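Attaching a single structure in structure tokens format; questions to follow.
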Amino acid sequence: MAGIELLSDQGFRVDGRKANELRRIQCRLGVFTQADGSAYIEQGNTKILAAVYGPHEIRGSRSKALHDKVLVNCQYSMATFSTGERKRRPRGDRKSKEMTMHLQQTFDAAILTSLYPRSQIDIFVEVLQSDGGNYCASVNAATLALIDAGIPLKDYVCACSASFVNDKPIMDISYLEESSGGAELIVATLPKSEQIVFLEMNSRLHEDNLSHVLDMAVKGCKDIHDVLDQAVREHVGEVAAISGLE
Amino acid sequence: MVDVQLSDAEKTYIIHGAQDNLREDGRGCEDYRHLEIETSVVSTTSGSAKIRLANTEILVGVKVELGETSPENPDKGRIEFFVDCSANATPEFEGRGGEDLANEISNMLARAYDCPSCLDMRKLCVVEGKKCWIVYVDVLLLECGGSLFDASSIAVKAALYNTSIPRLTVTHDEGHTELELSDDPYDVQRLDVYNSPCIVTLSKIGHSHVVDASQKEEACCLARLMLAVTDKGCVTAMKKEGSGSFDVSSIEDMLETGKKVGQSLNKSLMEVLVSEDRNMKKKYMTGYLR
Amino acid sequence: MAAPSVCVPGQRLCGKDSNVQPGRGTYERNGFIYASLTGCLMTEKGEDMTLVEVVRSTETTLVPSVDCLVTARVTNVNPRFCKCNIIKVGSKPLTDSFRGMIRKEDVRSTEKDKVEMYKCFRPGDIVIARVISLGDAQSYLLTTAENELGVVLATSEEGVTMVPVSWCKMRCPKTLNDEFRKVAKVQPSFIEQCDT
Amino acid sequence: MPTDTRRITGPESSVSPYSFCKIQEPQPLFNSQDLRKDGRKCDQVRPIFLKTGVVSKAQGSAYLEQDGTKVICAVYGPRAVIKKEEFSMKGQLRCDFKYTTFSCKYRRQYQQDNEEKDYSVQLLEALEPAVLLHKFPKAQVNIYVTVLQNDGSALAASITCSSVALCDAGIEMYDLVTGCSTRLAGDRLLLDPCKHEEYSSKEHSEVNNGSVTVGLMPSLNQISAVTSSGEIQFEHLKKAINKCSEICVQLYPVCQQSLSKSVKENIKENT
């Protein structure tokens, strides 16, 4: 895209970050009382709320029940005012349906599903403000909410995006960088075991560069893991202190 | 709405409590629960507000868009309400589950704002008969803890207060009209919400009535009277809800209470909004991280 | 008979005391008896009390209730239960059918574990059954575990109405084939008695 | 407003014919003799025609006419609940309020719009307290109200009409529900307003400009529905509610007469 230099000669991006720098992450666990688990995350200007209900009895038709594992049910919806242009409806469009499916697949792989056969876990994600990396932030928020709900996971699921600009991979891209037409690689990993649970790439990227970009994204996931881990430890510590454990 | 199961004994306890002006959480019949308001929370909107009324949490985003005027009202802008019940609040709202409730809330809000003195729609007209501002008020329900109508109306008023509409200059040039947007992002038009209504819901419990019913109280209330009350002490919309009925004389008492509570609610809300507006620069953190 | 007085819902009929009792089509509130139906006011004088009733000339609202006899048409049979449509409550036909269900263990009162549903009911059979509970949101629970309850009308594979030969068999008059059914021992007096 | 997407709409640049309509200047609601446009006094209600048993298929039905406002209502049931819903020991009422497409000045859509949905709910909540719901557990009664022609006070007329239809169907009720609406203009009350007298936000006028509709159970003296729009002061609101309730009480004998007439006719036919 002409006009905007996504990566300056000095190695700074439009928002002042370096190529391998994440946006500021702020998060909180347990924002709601009614949900079994909930979390809020801000990655730069992307703000996401996630709530987890369950495991509980299958809601709706019983035929959805799986006899050997839990049914992971997701819903991704975006507030009508979350984007620059007003959305007509919060969900039900193709993009949010796709996102719902991706989230479902991701967490099906990360939750210890065999522990709760014939039950259901709901993960509801609500985008309050969107500025690129919605999937990544949703995954991170949902992970925190699942942890808050006390649902056994193989590991944290951390997601990060990356792109390739001026022969250099860049990490955690914003909406501006997303929409500039470059390649976008999204990856969700289990950082400890270094397993990839979800990978998606849009647009064109030379084969040789793929590994660099992927490395950058995986590195981002690890960085995110550190931030999330710290938040979780702090939260658990607080809760323990309040309830008189220790 | 989220169901709360109550035993008969619990119901009797609440009903007797309401009679003696002492409710299960220690409030009197005309007291609201703790209310927190924050404005300017979402940067993609022209105005936004988040309110937390005990367990009820509502986020309102206002977006203004330039559109065509309607043929019936060529000299006025428009306001449109949309309510979304997020599944975060309860799994029952998943998919289209919350639509009925959402419609009810948005209809009530639309009716409450459907009178000339609430918001001056003529100020939103840009070119008469052609262009006007359309104000989209989107209400997002994040957690349900009772009094959704009251909380939504408060949040809407706060968000409208917070709304800034870019100033446009209109130049007429040989039959063409040109619109020019001001370069200064601070050169904005604010909405006058001084006379916008707040909804007060009076729930009839036993023979008495309470404001701001909690979920437990809602479970033992058969009929509710909703009043959209303005600062001047006028009603802009009224509605009875629920499967019960009211005695003719009890309606008069409820109106009395509604007026009193509604006016003081409006007053304290405006105070908070004005003071928050002044302290805007000091505050930098928003959302859930304070 | 003199012209009956017609009353409408909400009309106050009389005061209620120990010898005046509210009957069908009425309700009691604050010591008075009010009409809850549109119809003719009837008073029934008993030994030591009077029953006040509002009677409609046409059928009143009719829904199956626990312990009443119903006539149902079997729609669906599987090894655990059979589904049917309730078409009559007592002797009064319904305008809209209600769904009912007869579970395997409610077919007969003896040897419940040996019941084979296909040997008891077939789709299309007309069954007299008793309502045992309102069941779930879907259907009423019915039982045929009485001698007088069960299949009263059934057609054979040939499409001919069969005649009962024993409590568990019916015979086709055309082919003389026997088919298994849980047959009701139809006793008009019994059914009439249950209606009241 | 939801529109039917399967219908072919005009080209994108098309303009609705209504935009060429002349905008009517708001006319004064009453003249110097305090008479309204149709010659009524302020507190005069239009004559009511009410007939039961107009839909032969339905269990109960009623037709109500108040000059230009014509409402027909059919009641079906109690019948089995078709939709998958939770078990309830109480019966359920379902209300469907619909304007016919040709009933108003502007053409209505086939699908229920927001106003109609809102009215359906209000109608339901007006009737619910009057019906003995425990008499038909886990069954439902469907009430279909169709406004054939709308000349104001449609909701009030629907309330009266549907409660009479429920009676005709033989659904047990604590009481009838009668409806009445009024338009407030300054300190005046215009009872039973016509379409052009009903409140709309277009007019700029002093406070106390609005409409109130009340549904009352006359013999129990309980208000089962009350709704208002427009800006009204509390004192005037009270006055309006009381006046409406008075009229509602007066409507009771009208319904009674119509119902007993139908019962007597029925008896005649049967004997």
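Structural remarks
Here the chain labels run A, B, C and D in written order, and each chain numbers its own residues starting at 1.
Convention: a residue touches a chain if its C-beta (ideal position, glycine included) is under 8 Å from a C-beta of that chain, and two chains touch if they have at least 3 such contacts.
Computed from a prediction, not measured in an experiment: that's the story for all the values here.
Shared contact partners of chain B and chain D: not a single chain qualifies. Distance between chain centres (mean CA atoms), chain B to chain C: 52 Å.
Between the Cα centres of chain A and chain C there is a gap of 59 Å. Centre-to-centre separation of chain A and chain B, using mean CA positions: 32 Å. Per-chain Cα centroids separate chain C from chain D by 38 Å. Looking at chain D, residues 130, 217, 220 sit in touch with two or more other chains. Looking at chain B, one finds that none of its residues touch two or more other chains. Taken chain by chain, the contacts run in an open path, each chain touching the next and the two ends left apart. Of all possible chain pairs, those that touch are A-B, B-D, C-D. Only residues 59, 76-81, 84-89, 91, 130, 132, 135-139, 167-176, 217-220, 252, 255-256, 259-260, 262-264, 266-267, 270 of chain D touch chain C when the two sit together in their complex. Across the interface of their complex, chain A is touched by residues 2, 42-45, 48, 55, 57, 59, 61-63, 65, 82, 84, 86-91, 94-95, 136, 138, 140, 142-145, 287-289 of chain B. The touching residues of chain D, when paired with chain B in their complex, are 16, 18-19, 21, 23, 114, 117-118, 121-122, 125-126, 128-130, 201-204, 207, 209-210, 212, 216-217, 220-234, 237-238, 241-242, 245. Interface residues of chain B, counted against chain D in their complex, comprise 71-74, 103-104, 106-107, 110-111, 114-118, 222-223, 225, 230, 232-248, 251-252, 255-256, 258-259. Here chain C touches chain D in the complex through residues 3-4, 6-12, 25, 27, 29, 34, 36-40, 56-63, 65, 95-99, 134, 136-138, going by the rule given at the top.
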